[in-house]
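This is the structure I have questions about; it appears just below.
Order as written gives the chain letters A, B and C; numbering starts at 1 within each chain.
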Amino acid sequence: MTDTSTPRTDGALSRRSVLAGAAAAMFVPASVAAVGSSAGAVSAPATSRGTATTAAGATATARATAGTVHRITMYVEDLGGGQTGYGLEPGKATIPGPLLEMYEGDTMEITLVNTTDRDVSIHPHGVLYDVNSDGSPFNRSYNGPGETRTYVWRTTGERSLGRWARPGTAGYWHYHDHAMGTPHGTAGVAAGLYGGLIVRRQGDILPDRQFTVVFNGMLINNKIAPDTPMFEANHGETVEFVCIGHGDMFHTFHLHAHRWANTRTGYLEGPRDSSQIIDNRDLNGGDSFGFQVIAGEDVGPGAWMYHCHVQFHSDAGMSGIFLVRNADGSMPDGAQESIDWFHDHEGSGHH
Amino acid sequence: MTDTSTPRTDGALSRRSVLAGAAAAMFVPASVAAVGSSAGAVSAPATSRGTATTAAGATATARATAGTVHRITMYVEDLGGGQTGYGLEPGKATIPGPLLEMYEGDTMEITLVNTTDRDVSIHPHGVLYDVNSDGSPFNRSYNGPGETRTYVWRTTGERSLGRWARPGTAGYWHYHDHAMGTPHGTAGVAAGLYGGLIVRRQGDILPDRQFTVVFNGMLINNKIAPDTPMFEANHGETVEFVCIGHGDMFHTFHLHAHRWANTRTGYLEGPRDSSQIIDNRDLNGGDSFGFQVIAGEDVGPGAWMYHCHVQFHSDAGMSGIFLVRNADGSMPDGAQESIDWFHDHEGSGHH
Amino acid sequence: MTDTSTPRTDGALSRRSVLAGAAAAMFVPASVAAVGSSAGAVSAPATSRGTATTAAGATATARATAGTVHRITMYVEDLGGGQTGYGLEPGKATIPGPLLEMYEGDTMEITLVNTTDRDVSIHPHGVLYDVNSDGSPFNRSYNGPGETRTYVWRTTGERSLGRWARPGTAGYWHYHDHAMGTPHGTAGVAAGLYGGLIVRRQGDILPDRQFTVVFNGMLINNKIAPDTPMFEANHGETVEFVCIGHGDMFHTFHLHAHRWANTRTGYLEGPRDSSQIIDNRDLNGGDSFGFQVIAGEDVGPGAWMYHCHVQFHSDAGMSGIFLVRNADGSMPDGAQESIDWFHDHEGSGHH
């Protein structure tokens, strides 16, 4: 009854090759690698695609040497059905919004165009901003209905204090509305106004593919199984997950057959790094973390589940598929059966 | 009204001496140090033992040089009263199931015998497995009623990427059913189908005693105070706690008078390790951590409490006793009074 | 309608200058820097102050060379309106109680005077104590009505085990009642019997100002917005937050425009420290963490929000103000408007 053909999303290009060519410049326009950024990414009871196989949010990559100023325009758009999204072009809003990236030392200037009739804003985590870019009604820094406003986010590296160092701004962060409905943006966040924000440090490993996973109330990227995103990669590719928590409930993010270090990057800093290795992590309101894995490393290709590990939540549909295709992009043995099974058994729509 | 004699559990041998004699071999049968592995480990309103002093699950130790293949058989058994357990021999199922151990590089082949009339499986966290050992209905890798099926778990060390390293599989992990009742094993986990899984790195410190503590809904090891396990050690012994979270509720694990580093092992990697020292930690669905402490170090022998620090949960019976005996194994002054007090005042049975 | 004059709290002296003069001694009387330690710190529907601008708990500083024995007397006092506090002098109890400090190697002897007609105690996290100082009815170590009892807390540095080290007791800890109402002190904690406890390591950076933030149920320091504490510092000062979780609910602590490392101190141990940088962290029952930031560093002075990031909680009043004044102590442009806005829009009292 569901579309299980899982067509490869066209925009899911290898990003590493793109990044290798990034030139040093003081102004790098954000490029958009639209991965499932069509309206199909919006939660809707029935669309022409109508499956869980529509993927995972647009990506705005803006990388170059430290000190780059990235100037982008973002649009807040009503997506119907009570959903609202951020997009980098008119008519291209998605849930989650575009994945934004910077290096420590960069600046991002976001001209936010509010096309809705409600107060909205964009409030980032982790980066530097003055009160005028706080994104809160508390500091009168938000967009009224139809208004355009520019927000400036800056970053910095760590500062040595001798033995100690004050941390810089590198991290897997996120941004979200802080104005719609309540002073804390509760209606905006519920409607889908959120996205990932990565600040890298020079030398950080760049991934081939990126996925943003937002646990928001009982939804993942504002969807419920079987309509949750299916993330796809080829066996052996370096895949980056950006995980974000929102809403009123507590959650734990679990990924089958892969694991990462509980560090800034998900990697260890050599053999003396004492950090815990995990495959399950708390993901509560306002939290975010990220990590990279080699798709199917040591375990092989196949359809793997990711889900909230709170039992009631997983049973109610907080689950999705991480499809690790064969290295040549073909479907692994048995994977289609698993995808079919998922569509028939997971989530609220099928019980 | 309760049995407060707290007899020393016979199986609680010093494990270090046993381990010192572990030979390098390509096949090491799992030995069973049955610590309170009788039916008394099953939650029941009234049994012939009926006290909190029945201890803490069986232990399958299987250690040798890296690269060892451990072949074990596990039995899923109905324990009555809605409880189900894993065991290493017929009629020996416990809640939690046996504590399984490997070194990075080892493989464990588990032949799972399902003696029940329901679907069950064994799904591990942290280790390597292909889709046929996923333990999920999603990947058709589970045991139907009465079926036997083999699951293979592999492990690996960390891999250097220059400055960074991809983490290996060392950790305090766990395993659980992923098939009974729902596609996520909700009925199996609720019934007691869970246990600890340790993957060590060469050079890790070995403990004298080990305890598995599972916060599962409002229960500890499927029991409520005063019937929760009393963990016992002698003053000065190295004790290892493996803590696992399951179910629908959020919890924090707190241990009185002892503390550990929030690292992979609970130890610090020397004086430059910046990790936080803790005595209280979130323990939510699918999470696990472990640590070692010297029983009574710097604080002396006595009866110490461990409990969930969510106030309502501790008041409702999510608490237990860590009894640190004198170095010669005798009961410390005042400890019996504390045990008596616990039996008369903690948990739902006495209010 | 609310007092928005936000007078500078007189007791908010620079602490670094005080500490520089701390002499090495075997007995250092605890000094009290009373920051808003009057009855105004107690939650009450209407008081003569009645604003969120009453600040943040008293501070007992007791620092000197390692090995110091700090002898203090603390008083448990009924504050009216169902509130109870700890204080260092009769009539000076506050919520939270005084912030206690030690260095690894120090001892603190607390003579606890119970001026109430209920059972109370003081139970610390992180430090060393024998069963007689456990603070629990379980170990018969609590104060009956009107009783005085001495509790002894000791500390230690880390101990090398070769490659590994057993952690010492340095950390951002806390203390709380463990006797009132239930064996776990649920009534005492709810009434306000809690406070911060810092154990420093030699060489740790000392702050200019300190703030204790306790998420207790749906309250912050037993208050709800707009009556939650406004923490104040001058631009460029080193500010220390001590964050503590209590009660039955789960929370995440978020601070706008500032960030810290998820380490013991909030600092990194140099450029190879792999720890995550965060500005949002789980803060659940019995948990605590601390960190230092430079007030307004890289972002400028202004009124910044801190709040629980669980959406419903922030909307219901779990929010407050971190006022970063200009370096000369004057009010930054726009900050008063933000404070006014907060008083008119945040929390339950204004909807």
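Things to note:
By our rule, a residue touches a chain if its C-beta (ideal position, glycine included) is under 8 Å from a C-beta of that chain, and two chains touch if they have at least 3 such contacts.
Keep in mind the model is a prediction, meaning the values are calculated, not measured.
Chain contacts in this assembly form a complete graph, since each chain touches every other chain.
Judged by shared residue numbers over all numbers used at their interface, chain A and chain B contact each other through mostly different positions, with under half in common. Mean C-alpha positions place chain A and chain B at a centre distance of 35 Å.
Along chain A, residues 250, 261, 265, 267-270, 273, 275, 282 each make contact with two or more other chains.
Partner chain C is touched in their complex by these residues of chain B: 203, 205, 250, 252, 254, 256-257, 259-261, 265, 267-282, 294, 297-300, 302-305, 307-315, 319, 332, 334, 337-338, 341-342, 345-346. Within the complex formed with chain C, the residues of chain A that make contact are 125-126, 128-131, 134, 136-140, 154, 156, 158, 160-161, 163-171, 182-184, 186, 189-190, 245-248, 250, 261-265, 267-270, 273, 275, 282, 284-289.
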